[in-house]
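Order of writing sets the labels: A, B, C, D and E. Residues in every chain begin at 1.
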Amino acid sequence: MLDLLQLLSWGESGWGDALLAGTLVTILLALCCVPFGFPLGLLVALGSQSRHAAARLSATVFSTVFRGLPELLTLFLVYYGSQIAAERLMRHFGYEGGIVVNAFVAGVVAFSLVLAAFSSEVWLGAFKAIPAGQGEAARALGLSRWTTLRRVTFPQLMRVALPGLTNNWLTLLKDTSLVSTISLADIMRQTSQAVTATREPVLFYSAACVLYLILSAASGLLFSRAEHHFSRHLHRA
Amino acid sequence: ETLRVGLEAAYPPFSAPSAKGGYVGFDIDIANALCRQMQVECQFVAQDWDGIIPALMARKFDAIISSMAVTKERAEQVDFTGRYYRTSMSVAVPRDAEAGSLDAAAFKGKVVGAQSSSTPGMYAEDVYGKAGAEVRLYPTADEAGSDLASGRLDALVHDKYPLIEWMRKRSHDCCRLLGDLPGTMDDIAIAVRKGDDALRTRLDEAILAIRADGSYQRISQRYFGLDIY
Amino acid sequence: MESVTSLLPRLLDPALLETYGARMLGGFWITLKLVALSFALGWLLGWLLVLGRLSRHRLVRGLSRGYVYFFRGSPLLAQLFLLYYGMSAFRGFWQAIDLWWFFRDPWWCALLAFSLNTAAYQAEIFRGSLLAIPAGQKEACRALGLGPAQSFLRVILPQSMRIAIGPLGNEMILLVKASAIASLVTVYDVMGVTKLAYSRTFDFEIYLWAAALYLLIVEVLRRTLRIMEGRLSRHLGR
Amino acid sequence: MNAPLQHRYLQHPRAEDAPAVIDTLPAEDAPAVIDIRGLNKWYGDYHALRDIDLRVRQGDRVVLCGPSGSGKSSLIRCINRLEEAQYGRIEVLGADLMGAASQAAPVLRDVGMVFQHFNLFPHLTVMDNCTLAPLSVRGLRRREAQERACHFLDKVGMRAHLHKYPAQLSGGQQQRVAIARALCMEPKIILFDEPTAALDPEMVKEVLDVMVQLADSGVTMLCVTHEMGFARQVAGRVLFLDEGRIVEDGDPAAFFTRPRSDRARAFLRQILA
Amino acid sequence: MNAPLQHRYLQHPRAEDAPAVIDTLPAEDAPAVIDIRGLNKWYGDYHALRDIDLRVRQGDRVVLCGPSGSGKSSLIRCINRLEEAQYGRIEVLGADLMGAASQAAPVLRDVGMVFQHFNLFPHLTVMDNCTLAPLSVRGLRRREAQERACHFLDKVGMRAHLHKYPAQLSGGQQQRVAIARALCMEPKIILFDEPTAALDPEMVKEVLDVMVQLADSGVTMLCVTHEMGFARQVAGRVLFLDEGRIVEDGDPAAFFTRPRSDRARAFLRQILA
């Protein structure tokens, strides 16, 4: 028993610090996707409600492709695809050296695309839940489209969309483990390394579960705070 | 000048992570010896086995020193140096198994495990699978080993040295070695990008050099008690 | 016509097709089977969990809450791993109660882990859809004297399915892709086969096949769901 | 432009406008089908119903009125056990409603309710809305249930819309289907919660006509409404609630012409302007 | 029990009940602020508005009435460009509304609208509801906007509820905030779509009182309503729509006593019982 605890401890013989480093990578990666993925998803949702057929089509294609493609493939496409493209381009200009795309950046780009695709469905559902009267009232008051979106639609959208976005976030948190294939050491990668070195799979997979559960609990807290914030107008005085 | 070396780090005793953050194993020691010989600095990059060749081609590192067996398909994608060791495959079975033959026909109806994307995996599929065994492919040999121990597998095919290492480390002895598979001797070599002849030649020369000065033999003795070249 | 026949071999390498075509189809079949079965089982278990969450007993509520939290909060990969390799540590016990045949087989273990996992997600989806049904519907049932089972089956369920169908579609797509995780325990789905084939041939084309298969699945699913949604909301059309 | 505003209830009630005396009032000694004693109900801290005492005899036609938030809905929802009260006794058709649910259930089948917002089942056709409960609660055979539904739908003039969904009906039509649905259970008591509040004037008339017919057939009716016309024409008795108390209880003529409490006087002054 | 049912509009209009003549009617030659010519609108195949011709002069107070589905809402929504018509011309305050959106936008700021279901922004306080548009459309400074909001909220008696959210208000209070919100833009024309349909009688009175005050201040008003009391007291002109056509157009006294069309006669007979 003590041996097992030793394995989870810090320092020379323990894997505690490695797991912690992995957790940091996981959190950073997932957090960096949020400011890109969610707004892009909103944009896609707006696109699929647009009056222009072209915008609708590209929104549908985007959502189908990035929901449909295996995340691993999206990751590869971004990571290796962009590198190959960049190298071709540079060779065209006579530069022969290698270009290295940062794995972290590639991961953020790829998972932002995936997050955008899945969250666009959530945004879309939330749009349907906002009464048409809100938009009409905004138009009757002469508000511009941007003001309407920012001041009227969005705050109401958030309340309805948050539970679904929470699901997206939890999925993202776990999907990011795929970055180990492009040599980023997240929680899962560190776990399997520890398993290889120590041959204690059950211990370390349990530890990984606990880490993820802690992350979920923490983000759950944040999300329910946000939910409370966006529904404050419903609490009776 | 540094040499960026890609490795899987999940293949003890050849390469495995250490709790201290670095990597340990035969491959690492060899790589360090080669770098010293070439008077460059070794920089290790750990990488999932599945993405190791694409990563080499995408210049994430310059050479793979990760117990990679030379195969025809791989040789189409990368260039190999001369071998730095050779290994054959072995078969392990549960201690109480009555089987005694390595013959493919003897495994008909049995469940045989191996690591996927590895030469033993291909062997298991091509030989035992065709002979009527059910082949199960695991992400790493460790998991296959644990299924062998728990009785889900009737046999496990794996490279000889890691298999021995695994059985040695296993505290309670569940299993026994059935023997080496004849005709499976594979060359293990360093992979570099296609056309990177300069590096390939330097590495070839360095391998010969560390054999000549005996440092190779010392490393091999330390891990296996014999020279596995 | 000629140009198509000459293009095809360039798109689909015949040698590759011969070696891995059948295996890809096999993987495809595994994906479908795994997703369909675990989704259906998760559906049933999901409703049980919802009943638990809405139960009057605090213990039952707490347990189903904990279940949902655990299975949504931790990775399926780790869940499957713990189930498959963790259970084998108690081989003696399973043999004693004659359940070893179940835990011995990777397929059953994968199915179990997937069902348990998707049940948690589906339970949340169902709960949300139930909350969206106006309280008046339940009151009307009570005022008419309908029993709990009848109210649920005839009135609540058909209406909540309409609301749940979008998120359930998302969940099914996620499950299709998550089936790749089953290769951890040697159950090879489309993605498993693809990775295997790639590790042997290093031909990126094989990934494109897989992508095409996935897109096909998602597109078929999207259209099917749209039709079902239309059927479930036919009462809203004027 | 400064003329005082007159609206909806334009006319001050005058004696000569009073309807012909209603000829079907229940006898004084008819049995009580609803018997409420000392009923008190709280929502959290809020005391919504205070010491309600109420006996309704078979065949009674009672109108409940009172300002918004006075507890009218709460009261009739207690009679149907959609809300549970904390203190007091409710007996409906001889059964104690404050006791175990299993004991109350059989009696509640004989209490129908028509909601302000109809609460029709949107995914079922008009016919299915009306036959669902008779089939599965009363155990009628399909033929019987359908015949009964046709009969009552005919009565409310909705026979022609059998196969439509609620969303395909106008508000007044929906309300009539809701009434037919309640009637198909052949309840002994029927409760209405503002059955006309959501309707426009032509539709109000349709719905009220149906209720008049219903009243003629001798069902016991309790109706929350602000339609003073209905109250005067159909009701045998008017209850006025204020802040959770019944402050007036008497026949309509007396209520409209000589309200006893100050609150009722103020209320009537407002709406009769 | 077979006495004919009398309800909401119990009283037949009689000459002696007619209000004092309204003293603020616009002069015949006042400029037209709304000028509609040959307007036609379809929803898909359904022809909702047919050949509508309508001139409304500045300071007019017009009531629109007519049976359900006759196109009242469609018409006023066209005036506000919430719906687009297919044929005809709409000129509001001199600008052509059928043209480009950019051309119509500045004019529409001077047209306010009060919806049947209020459509307040639920996530904003009463104050924010009233200042949002003046701040971002009129470009007022915050102080100014708040002062203006206070002024109008005071006018509708809602000054005390500045910091509440709409869900914390009763229906009548919400409707009054909606009116104040529209007034804060100081529109030249204000459109009402059944502003009292969702309210109970005490609240109807509150809202109508506000509208009477508003009418006094000289704004041009178009109001869809079934409150015949309001129509008689406040309106300078009553339009009766049927099946997408304006079939009556005249002063209230004439409309109530001598409707020209059969349809209007039937409608009035129904609601006046």
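Note that a contact is a pair of C-beta atoms (placed from the backbone, for glycine too) under 8 Å apart; a residue touches a chain by one contact, two chains touch by 3 or more.
Listed by chain with UniProt protein names: A, C = Polar amino acid transport system permease protein; D, E = Amino acid ABC transporter, ATP-binding protein.
In this text the structure is predicted, and so the values were computed from the model without any measurement.
Colleague: Counting hops between chains that touch, how far apart are chain B and chain E?
Modeller: 2
Colleague: Check every other chain and keep only those touching both chain A and chain B; list them.
Modeller: Both-contact set = C.
Colleague: Provide the C-alpha centroid distance between chain C and chain D, rounded to the nearest whole angstrom.
Modeller: It comes to 48 Å between the two C-alpha centres.
Colleague: Could you give the separation in Å between the centres of chain B and chain D, each centre being the mean of its C-alpha atoms?
Modeller: A distance of 83 Å separates the two centres.
Colleague: Quick check: how many Å separate the C-alpha centres of chain B and chain C?
Modeller: 36
Colleague: Can you list the residues of chain A that touch 2 or more other chains?
Modeller: In chain A, 76, 201 touch at least two other chains.
Colleague: What are the residue numbers in chain C that touch two or more other chains?
Modeller: 85, 89
Colleague: Which bits of chain A are touching chain C when the two form their complex?
Modeller: Residue positions touching the partner: 64-65, 67-73, 76, 118, 121, 125, 163-164, 167, 170-171, 174, 177, 188, 191, 201-202, 205-206, 208-209, 212-213, 215-217, 220.
Colleague: In the complex of these two chains, what residues of chain E are touching chain A?
Modeller: Chain E residues touching chain A: 80-82, 105, 108-109, 111-113, 115, 117, 119-124, 132-133, 136-137, 164-168, 181-182, 185.
Colleague: Report the residues of chain B in contact with chain A in the complex, numbered from low to high.
Modeller: For this pair, the touching residues of chain B are 9-12, 16-21, 45-48, 50-51, 54-55, 58-60, 140, 142-143, 146, 169.
Colleague: Considering only the defined contacts, which chain C positions touch chain D in the complex?
Modeller: 134, 136-137, 139-140, 142-147, 150, 154-155, 158-159, 162, 232, 234-238
Colleague: Per the contact definition, I'd like the list of chain A residues that touch chain E in the complex.
Modeller: On the chain A side, the touching residues are 131, 133-134, 136-137, 139-144, 147, 151-152, 155-156, 159, 230, 232-234, 236-237.
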